[in-house]
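Inspection log for the structure reproduced underneath, given as structure tokens.
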Amino acid sequence: MRPAQRVYLREVLSGLGLTARHFFVNMGRHIAHALGRRNARGAVTIQYPEEHRGYSPRLRSLHRLVRREDGSPRCVACMMCETVCPAYCIYIVAGEHPNPEIEKVCEAFSIDLGKCVFCGYCVEACPEDAIRMDTGILGDAPRARARRTRREASVSGTHPPRPDPVACRPPSSSPSPPSPSPRPSG
Amino acid sequence: MPGTLTDASIAFGLVTFVMLFVLNLGGLMTWIERKQAAIMQDRIGANRASIFGLRLMGLFHPLADAIKMLTKEAFYPARADRVLFSLAPFVSVFFALVAFASIPFGDTLSIAGREVPLQALTFNVGLLYVFAMLSLGVYGVMMAGWSSANNFALLGGQRAAALMITAEVAIGASIVGVVMVYGSLNLMDIVRGQGALLGGWLPMWGIITQPLAFVLFLTAGIAATKRIPFDMPEGESEIIGYFVEYSGMKFGLFVMADFLETVVIAGMTVSLFLGGWQVPYLGREGWAFPWGATIVLPRLPVALLQVAAFVFKLVVMIWFLMLIRWTLPRFRYDQAMRLGWLGLFPLSIANIVLTGGALLLWGPR
Amino acid sequence: MILLVPGSYYTGLSAVLFAIGVTGVLVRRNPLVIFMSIEVMLNAANLALVAFGAQFRNADGQVLVFFVMTVAAAEVAVGLAIIVAIFRLRPRLSVDDLSAMRW
Amino acid sequence: MEFHLINHPLDCPVCDQAGECWLQIYYMKHGLYEPRMTDDKVHKPKAVPLGPHVILDAERCILCSRCVRFCDEVTRTGELGIFGRGDRSEIGLFPGTELANKYSGNVVDICPVGALTDRDFRFQVRVWYLESQKSICPGCARGCNIEVHVNRRRPHHAQGRRVVRLKPRFNDAVNKWWICDEGRYGYGFVDDPSRLTAPLRRVGGKTLDVSWTEMFTLVADGLRRYTADEIGVIASPKMSNEDLFLLERLVDGLGVRAVDYRVPPAQPGDQDDFLIRADRNPNSRGAELIGLGRSDARAILNAARDRRIKCLWVFHHDLLASAWPEGEVLDALLGAETVIFQGTNANATSAHAHLTLPAAAYPEREGTYTNFEGRVQRFRQAFEPLGQALADWESLGCLLQAVQGAGRPSRAEECFRALAAAVPAYAGLSYRSIGDGGQMIATGSP
Amino acid sequence: MQTAVFFAIAAIAVASALGLIVRRNPIHGALFLVVNLGSVAAIYLMLNAQFLAAAQVIIYAGAIMVLFVFAIMVLIPGKEETGPDPLRPFRLVAIPFGAFLLVEILLMLVVRPAPPREPPGAEGGAEAIGRLLFTDYLFPFELTSVLLLAALVGVLALAKRKA
């Protein structure tokens, strides 16, 4: 180490200069902002509940259950997604289909979005391509989302749901959340 | 005895003024610290506390902090020495608070027919007084560290003690130069001495006559207040320190003491090196600029200007201390000790020798 | 400042403090406490010096006190170093155990 | 392998056998993952009910004919056969029959693929969510060795049942590979809503929840309040050896003479020469050996009717559903000053009890049963008891402590050790020597 | 007024000195001693010895006692004065002895009364002491520095671990 470095004073001063410059520049911007120049930002902070950072167009955060041509869900209640789910947020109740060719259907399929980590494993695990993740925003406002952590991204089967022990029955009226980019399900 | 009564009320007024000024400044410093750090780091800083939707740039956060601390549980560790444990934060705050008393914030002012020096405590060894009070602050820390019955707290207390001794030796040695130049231990005299002009145009502030002492004093002063970069006694990433076991308002008092000590160090620096309440070229009768122009002012505006100058300098100094606090990383303990004993102390001694030589060559006598 | 309190009060206080210091030295076993009691005695002496100095309008007493303080500082430094060095090696903190130098 | 898979549907995710399917295992091991067969698969009937318990999926069948042989050789009922030829062959019922024999569930176990599935278990839980524990069927005096399959991690499956199925466990000396359907589907009471979950006290018309500590003092005070002759105990052969032994100690210490365990069922059970025994209780032999048959249960009830017995303590039995006239029993229950009921589920008798002590069901605890031949077999705990229910030996141990100040056993094994030391028939037995297969008691003892 | 203040401070001084020798815990003792030193400093102030008061606080309370407290903290855990004291009777003799000493000194003070008051003369500030220190007492002053140096070297020698 050079003796000049050991004294440390020059480094201290240059560091102070750097932080002081930041201080004054940001202070100026804050003042300009307060005086009405809206595009002057003294901070990179996003004031979260009031401001939002836009979601990436590549974000896949909205679960969607795919349907067959006749409108029934493709899910066969194989529980692969439930098994692979690292957050234990998928709840499926299986039931029998009157058509022996189809045999097994899900009577209730719910995802606890409060627990979901959006890893996408369920999409990969599904052998029937019955679950996908789409672009879209989870909840309109985060506070609203916090209030109903159990928002169901679910579909009711063709059967009327039978009473099940866990309160994860799908809303029988709204069959599926509106998916922003409707794709041909096939 | 109306005279005594006037004296008493003047003294009471001065003490109250200083007390309120220092306390409020100390309280505000939590806000200053947050906001300044935020602005330096491209952030906005705490601004969420609101009263009826009114946020005022986060000015209510100190209030919210106080409410939180006052309503927290008063916790005592199982094997703690309860008396010392409760006493420690008060000792810390007390000495930090009284230290400011002897720092002058203005020239004399004539009130009710007498010349009143604008300082809470007129004391002819005022400098030593401030110094002594600062050095007593260490007892609060050591009591806290010892009475918590916690090894980390004890270690923090010991580190604090060692650090403060180190820093005080350096402070003591570095202010000797200033004392030699201005020839007094009375802070009022020292400040008054800085009003003289060097070569007819340069105000004879301590920073000009004693530049080395200024750097040494500032460094040692920061060390004495245990603030970053000298916060090993409370280094939160390693030992947390003497107040590990404290919670609620007792903890708050330690933080408060920290801020108050910062104010005191800033006040000392301003008084010793930045001309105190002096405004350049402003004398008792008004401005007398070196190029001959004069502006005559009555006594009261002059005194107010001087007080304003002192407050302004103090605030700038606090800003500067904060800047240091948010710029430099923490020293390692041995580095701080090395700096204190092998850096600051010998340099202070050298400064004394240099000053002595300079005074012999160009001195007044 | 005029002395409003009779000088003998100060010397009396000094005497009391000195006696307490002596008692402390004799009664206590902990060398650190004994040391501190000695400090009390030194202080009492200092107080007497300052009081006499004030009585005789003379700063010499204060200079003497200044020297005493310096000596006390040196004494404490050395003494504490000795005590720490000894009691690093011993389980108990008592002057009665320090008989190694008796013969 | 390839031939097997020509017509076998590749719907493992849907198939209930997935996870315990031999075809799947071999496929994953030797797998020919790219099928060379391009023709369409032959479609056969799916989801055909064969009987009350079994459903057939002919597509998945690999025609191993194990089920046919089972019906021919083990049950000798012969309902099943293979019909059709070539790749159209399929398993089927002979006309006019259905697979309704008493052992029909076993064909599901022996089916290597998912062709035969269990109606009770079908689509309830995926098998990889299950845990299993060795146990003993409490359905009759045979004491068939079983495995209890438990679903603990996915409570929303199988309607929240914890026990989702029972599987036979091989024991050459007792049940070979089989169990009867009655035993196989007899686990319903474990997760039934009628389970008792908290100690209850009935005062007047009101039922109060009390804590176990309060309950123990209440029972102990109750027992102490009466003389030995005023107390009647009807133990149950559904209790394990450990429970019965502690009860015997308690009763012995109090000097109670009116103790019995025999309560005849309303309908006498049928019996065959294969597994099923008429005695539908797992531990009658144990109760007899430990010596709880001191008196006659009917006589105890009569004494209660005559107000000679004032404190009646009933274990598990529903006396009102027994072979005895309902009026007499009711009279006895109403006549006794204090009726204590201890059992797993609420029933008509427990409704008359003043003090109700919830007991843990057999998968919730461990213990031993002695079957009709005198074989001591061990069952183990598969999961925690429901609510505050305690195993009988635990609550009896606490009562022993409360009444007699004796030390309380902390494990079932401790009780059994004391039992082996005290009762000659059990001499030399220990949990270790019983192991998984059971051990006969010392011969020559009563 | 001044007398009342004097008695208040004197009471604090005596009480804290007693606290030092009575309290078993040396940390408490040390803190009592700090209080004692502080009150003595206050008395210096009353005697118009402002420089000494400040020096007393800085040197005694600020440095020496910190050293004490430091040493106690390092040494003390589990080493308080506990257990039976074999020399207890001898120690208790010290109390009457101390009392006797007190009486003796006070008697001397009474026998030799204080001289009459004179008008205020020399100032107790730093200037007077400095003047004396660097003129009449220059040699002792330099000697003190030698003493401090010797102490410094000695302490270092004691504190340094054997190599």
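For reference, chains read A, B, C, D and E in written order, and residue numbers begin at 1 within each chain.
Here is the rule we go by: a residue touches a chain if its C-beta (ideal position, glycine included) is under 8 Å from a C-beta of that chain, and two chains touch if they have at least 3 such contacts.
Fair warning: this is a prediction, and the values are worked out from it, not measured in the lab.
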item	value
If a chain touches chain D and chain E alike, it appears here	none
With chain E removed from consideration, the chain sets that still hold together: A, B, D | C
item	value
Between B-E and A-B, the pair joined by more C-beta contacts	B-E
Chain occupying the middle, per Cα centroid	A
Computed distance of Cα centres, chain D from chain C, in Å	88
Length of the line joining the C-alpha centres of chain A and chain E, rounded to whole Å	72
Whole-Å separation of chain centres (CA-atom averages), chain B against chain E	29
Rounded Å distance, chain C centre to chain E centre (Cα mean)	5
Junction residues of chain D - those touching two or more other chains	none
Residues within chain E bordering two or more other chains	51, 55, 63, 67, 74
Chain contact graph, described as a line, ring, star, complete graph or other shape	line
Interchain contacts, given as pairs of chains that touch	A-B, A-D, B-E, C-E
For the chain B and chain A complex, residues of the former touching the latter	36, 38-44, 215, 323-324, 326-328
Chain D - residues contacting chain A, complex	11, 13-14, 18, 45-48, 57, 122-124, 126, 128-129, 154-157, 159-160
Of chain A, residues touching chain B in the complex	9, 12, 15-16, 18-20, 22-23, 26-27, 30, 42-45, 47
Contact footprint of chain E on chain B as seen in their complex	81, 84, 123-125, 128-129, 131-133, 135-136, 138-139, 142-143, 145-146, 154, 157-158, 161-162, 164-165, 168, 172, 185
Chain B-touching residues of chain E, taken from the complex the two chains share	25, 27-28, 31, 34, 50-51, 53-55, 57-58, 61-63, 66-67, 69-70, 73-74, 125-126
